[in-house]
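Chain IDs A, B, C and D follow the sequence of writing; residue 1 opens each chain.
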Amino acid sequence: MATGRTLTVGMVGYSFMGRAHSNAWRQAPRFFDLPADIRLKTICGRNPEAVRKAAVDLGWETAATDWRALIDDPEIDIIDVVTPNDTHRDICVAAAAAGKAILCEKPLALDVAECEEMLAAARKGRVVHMVCHNYRRIPAMALAKQMIERGELGDRIYHYRARYAQDWIADPEFPLVWRLQSKIAGSGAHGDINAHIIDLGRYLVGEFREVCATMETFVKERPVSPGSKKTGKVTVDDAVTSIGRFKNGALANLEASRFAQGRKNSITLEINGSAGSLAFDFEEMNRLRYYDAREPEDRRGFRDILVTEARHPYIENWWPPGHLIGYEHTFVHTVADFVRAVVAGKSVQPTFDDGLRNQRVLEAMSTSAQTRQWVKI
Amino acid sequence: MATGRTLTVGMVGYSFMGRAHSNAWRQAPRFFDLPADIRLKTICGRNPEAVRKAAVDLGWETAATDWRALIDDPEIDIIDVVTPNDTHRDICVAAAAAGKAILCEKPLALDVAECEEMLAAARKGRVVHMVCHNYRRIPAMALAKQMIERGELGDRIYHYRARYAQDWIADPEFPLVWRLQSKIAGSGAHGDINAHIIDLGRYLVGEFREVCATMETFVKERPVSPGSKKTGKVTVDDAVTSIGRFKNGALANLEASRFAQGRKNSITLEINGSAGSLAFDFEEMNRLRYYDAREPEDRRGFRDILVTEARHPYIENWWPPGHLIGYEHTFVHTVADFVRAVVAGKSVQPTFDDGLRNQRVLEAMSTSAQTRQWVKI
Amino acid sequence: MATGRTLTVGMVGYSFMGRAHSNAWRQAPRFFDLPADIRLKTICGRNPEAVRKAAVDLGWETAATDWRALIDDPEIDIIDVVTPNDTHRDICVAAAAAGKAILCEKPLALDVAECEEMLAAARKGRVVHMVCHNYRRIPAMALAKQMIERGELGDRIYHYRARYAQDWIADPEFPLVWRLQSKIAGSGAHGDINAHIIDLGRYLVGEFREVCATMETFVKERPVSPGSKKTGKVTVDDAVTSIGRFKNGALANLEASRFAQGRKNSITLEINGSAGSLAFDFEEMNRLRYYDAREPEDRRGFRDILVTEARHPYIENWWPPGHLIGYEHTFVHTVADFVRAVVAGKSVQPTFDDGLRNQRVLEAMSTSAQTRQWVKI
Amino acid sequence: MATGRTLTVGMVGYSFMGRAHSNAWRQAPRFFDLPADIRLKTICGRNPEAVRKAAVDLGWETAATDWRALIDDPEIDIIDVVTPNDTHRDICVAAAAAGKAILCEKPLALDVAECEEMLAAARKGRVVHMVCHNYRRIPAMALAKQMIERGELGDRIYHYRARYAQDWIADPEFPLVWRLQSKIAGSGAHGDINAHIIDLGRYLVGEFREVCATMETFVKERPVSPGSKKTGKVTVDDAVTSIGRFKNGALANLEASRFAQGRKNSITLEINGSAGSLAFDFEEMNRLRYYDAREPEDRRGFRDILVTEARHPYIENWWPPGHLIGYEHTFVHTVADFVRAVVAGKSVQPTFDDGLRNQRVLEAMSTSAQTRQWVKI
């Protein structure tokens, strides 16, 4: 598309997610026919040396150490927030007030109050706002959404069963890194990975009505550093397991754990509807398994859809059938859709409202785990 | 083994389980070197014509219509109970009093009180007693037990996650058969299939400490017969989902449903320990997946053990490696082990005590679903 | 079926296949509604003690040491031949002359000439004759046959690709057992397992037109007994690999090996037609994978048909959906179909003519391997 | 790495492979710590308008229409050749004479004579030369190479079995595109995809000794354009199937087809060694299946290595464990290794010599298919 328009981006944060987002900003215009050119202007971080290196490595024109400089820069159209969660609120509220479109990493903020404030600010500023739940834009998940909306699972959903499983701290000798400390990380598996399968449940099935959860810290003391004999207390959850109900009557079963040996970044989910089922595993992210109960009885079976056909969501921009895409592509899809929304001045899911609703479910589960009661959303 | 001893069996009941058990009694001596010959003497059922036909079809010498005749028959050494659950108590108590060894289908009885009475009777009668949780004797499950006991999952278990899923009533037009009526069936998915994954949890991981469950009846009214416009109320659960804890600290997550389209008799379970994981799917019952976290980092992966080697439990009695066995073989294994126990006069798991403990977990889950509270076992 | 008719069987041979066939004779009437009762009268073997034990273990009334006694026994209706291949011809020709129905293990005989003689004798004797290629009666294979005949793969087949892989002699220290000696075994992987995938190709795709094969003996000397330092020469093939064409124009690619580490009894095959494909693996024998190219582009994928539904071939006689069957069931199906054919006086595939045609392909491949030329069938 | 050195690239060609290579040139420095900066200077194509657009879309400074301009440009260090095969020779010979490092797409050229000329030119010019067999740098394939070299499959390889299967022309109504015309494409599945599994065989197992192949054109006439009633003759192979031997005694079985419904870009291969086996499927390219025959008998099984650990080849440059990479990453790895070799002035596999040897196998198979004889390499 030849438009002449350019959108200028400033990004706050530069570690793991900064790397993934920078790649997406660079790649989206190469593979998607976007209605604007993208200019990667400023990357911001507190460590001057590190952020300068990041600017070079990741492809940004300049580096800054104070995020307010980005807010104040009239050239910058978009603020991309990839900092730790405790800073999201301030940056987003300021960006919204400055009229800048905002892409913010998940979880949207530390609590429901912050999320509400951010959503209000974004609405007041009339800016396009999006929370980066990138897994919605795995082509297999976007296809699942289409199939459910077209009724290919029938008119009712009975079950949503999801697990997000990792194993990186299953070894009790793994040290007490910051992610295992409540003060810094807020929660453990809950906010980090359970948040993703809650979002996919809301995206694919609908709003939650009530939940009952329990959390566990299997290893309560860990070496303060690798190999150290001195130990410190783990103050976040290692795993959270829950049951619940959606407003449409479907049963929910969600589990997130960092203690599932052999599961590296395994997001498995299954949705059972009245006329069919879907199953997915992120460790095979280019596939979606679909069972169609309306097929003849002796020909039925879960079919393994290789989601690499031109008609599948996002795929025509990549490679021919049978050529896989990977993890970072989900961010490219997110950025492409966000850019189109910004140019069109339209809303794009998942919005800050989705981030807020996700936070409400997270908090309901936390409350449930503490009170040992069912909690309504 | 040439022993000259013969064990004479009387079986009460003759439908689905009667067929599976009769096959086991016929086949066990053909494939296992048992310390006694087996004589299939009497099969018992209330319908004289049907039970006579069953005797011929299933290989029994005579048919009876009153189970007390079997208890009174001094030739009969073993009573095999495959009747509906509401009759287990009376038959087993009488059999125990008569000094007969007892194999009883699961669930052991209707409630904890009945189970306790049966266990007491069996102990008083000093008879060998076994509840037929046949899935323990899937070779893959017996291998899993060995591996856990040998420490191949490490010294701690973190997670037991199991689902028993079927789809035979997912269609709302499926009629209101007796299994969907509380008066006859007691419960729905709960007692029928959830009982199995509770038992496997107890077998492989240990005793449950507490549970929190919810049940759902998705389709509340059904045609009273196929195609009928008259409907009746479904009075059992369609699905039950739960979270819980084992006494050893492992988290439990169990789900049983008859509404999972595409899952025919799918028992999937995963156990995560500190040094490894196991995964199983009954629809691929000859396989056990094992992840060994102690392998070198770049060689790790779930391995797919085809449980058909001579060294695997029960297998040397069947076929060469790579030749699968099926569902009914689990009953043959059960009968073989039971016969050996009877001859040796020794206990054989799962005993009536296991049946009782299983019932306690089932009831705790039912109570939890009603009260919306956590319940201790 | 109440008919009053009884078919009396005499079986020659009593080792691995004798065990599988005896089980089939015992089980077929229990699970299939046959038009005749089955009487297991005489089992025959050269070692008097061993065959007497086999009679007891396997359920035969009497034991014999000379197979001619079975031929001469006027009570015997059916001769089942499970002896080594070099005896098939004499037994079958005699049985046919005596007017007995014949079930003969594969391969039918040692060479084409013998097969032709046997077929002629069976035709002359007007007896029902069947060669036991049991894999045709795996439900998944019978379903594949139905699907191909109904056109579900389209009107043309392009590819038949099959491999029969085992690993039991991959270790060079494995001793020189009789199966590795040409004088006794005739050939190695070729006649033993390649014969099966040739038969499945003929069953599912059609007659072969031409083949080009090569054979290899990877380990040419082996210990004469386990652990021995004395070695002897391996005089059969360890593996055979071939390309070819069917008369209908499909390409063939067949491979059989006893040197494929990790493959225990793996028969994998794939058939590609103009409108779809089928894939199968015997180590998952209850499944058939089917790709339907006529589905909408974005919904296509290999579906995993769990071949355990009542409508699937042979299944309604066994267990409910999702309950697997195993290896020995293929023999039960064979016997059930054979008995029906005998009572009806009709032909039942695979006949001795199929055994002959199979032998012709085997010999063409052997010739090709020796001459390094393509060979027409 | 801060070096100050810059390598300037000129690329000839700009379609599918041009897109994949451009991406690799852009991404390699972002994810790999290269010893030189990369400058994408000139892209060259015959259509002035199209190549100008490609320059903008793919990130090149300037566009050219005569490849000799790139050879003559003293700033350009590297010539990347992604044009149709009939132009490779001239461009590479000229580039070598000009002292430029060369990366050339596969197949290296049209025939053995051209390949020999190119290799001689590259050697005479003392330039770094590489043929882009990108599949060698799938991390799973690089891991397979390591494992074989470390002896993890034992000291002997018995079997290499590979299939490259697609289905894009299985529909007889698919039109007669240029790839189905011999004059333009040279061959069909043979040079296009069979070449890849020949290269992987040479990479992983060793040099071929002899081959016997056959080719087939299943659909001999096709519409000249979509929907047209006018048809033209297909002059290339639709499929090629072959058997052969490696110099080390392993058996080879290779098949390439564009007529395998449901297989989109399926490269499946299995290697059986004396102590283990490896299996791979490109449609699950982040996985490698490994069977270790030295494990205890009852614990053996193919393990599914998710090749996403930091210790796996190339992975530490990408994402954490369990986060997949895709097709285009194989080109990034190729470019990264090529750049390092250019800076170091060292050879990097696969060289033009590999391209030549690959061509020799291709031609031997073609000859074999024509003469119906075995052909030595």
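Please note the rule applied: contacts are C-beta pairs under 8 Å (C-beta built on N, C-alpha and C of every residue); 3 or more make two chains touch, one makes a residue touch a chain.
If you're wondering where the values come from, they're calculated on a predicted model, not measured in any experiment.
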item: Contacts common to chain A and chain B (chain labels); value: C, D
item: A-D against B-D, pair bridged by the larger set of C-beta contacts; value: A-D
item: Centroid comparison with chain B (C-alpha atoms), farthest chain; value: D
item: Averaged-CA centre spacing for the pair chain C and chain A, given as whole angstrom; value: 54
item: Geometric centre distance via CA averages, chain D-chain C, whole Å; value: 41
item: Gap in Å, rounded to a whole number, between the CA centres of chain D and chain A; value: 35
item: Where chain B and chain D are represented by their mean Cα positions, the distance between them in whole Å; value: 54
item: Touching two or more other chains - residue numbers and ranges from chain A; value: 263, 300-302, 306, 309
item: List of chain D residues in touch with chain B within their complex; value: 143, 289-290, 297-306, 309, 311-312
item: Footprint of chain A on chain B - complex, ascending; value: 153, 156, 158-159, 161, 163, 165, 167, 170-172, 212-214, 216, 218, 238-239, 241-243, 245, 249, 251, 253, 255, 257, 259-263, 270, 272-277, 291, 293, 300-302, 372-374
item: Chain A partner contacts - residues on chain D that touch it in the complex; value: 16, 20, 23, 26, 30, 57-59, 166, 168, 263-266, 282-286, 306, 308-309, 318-329
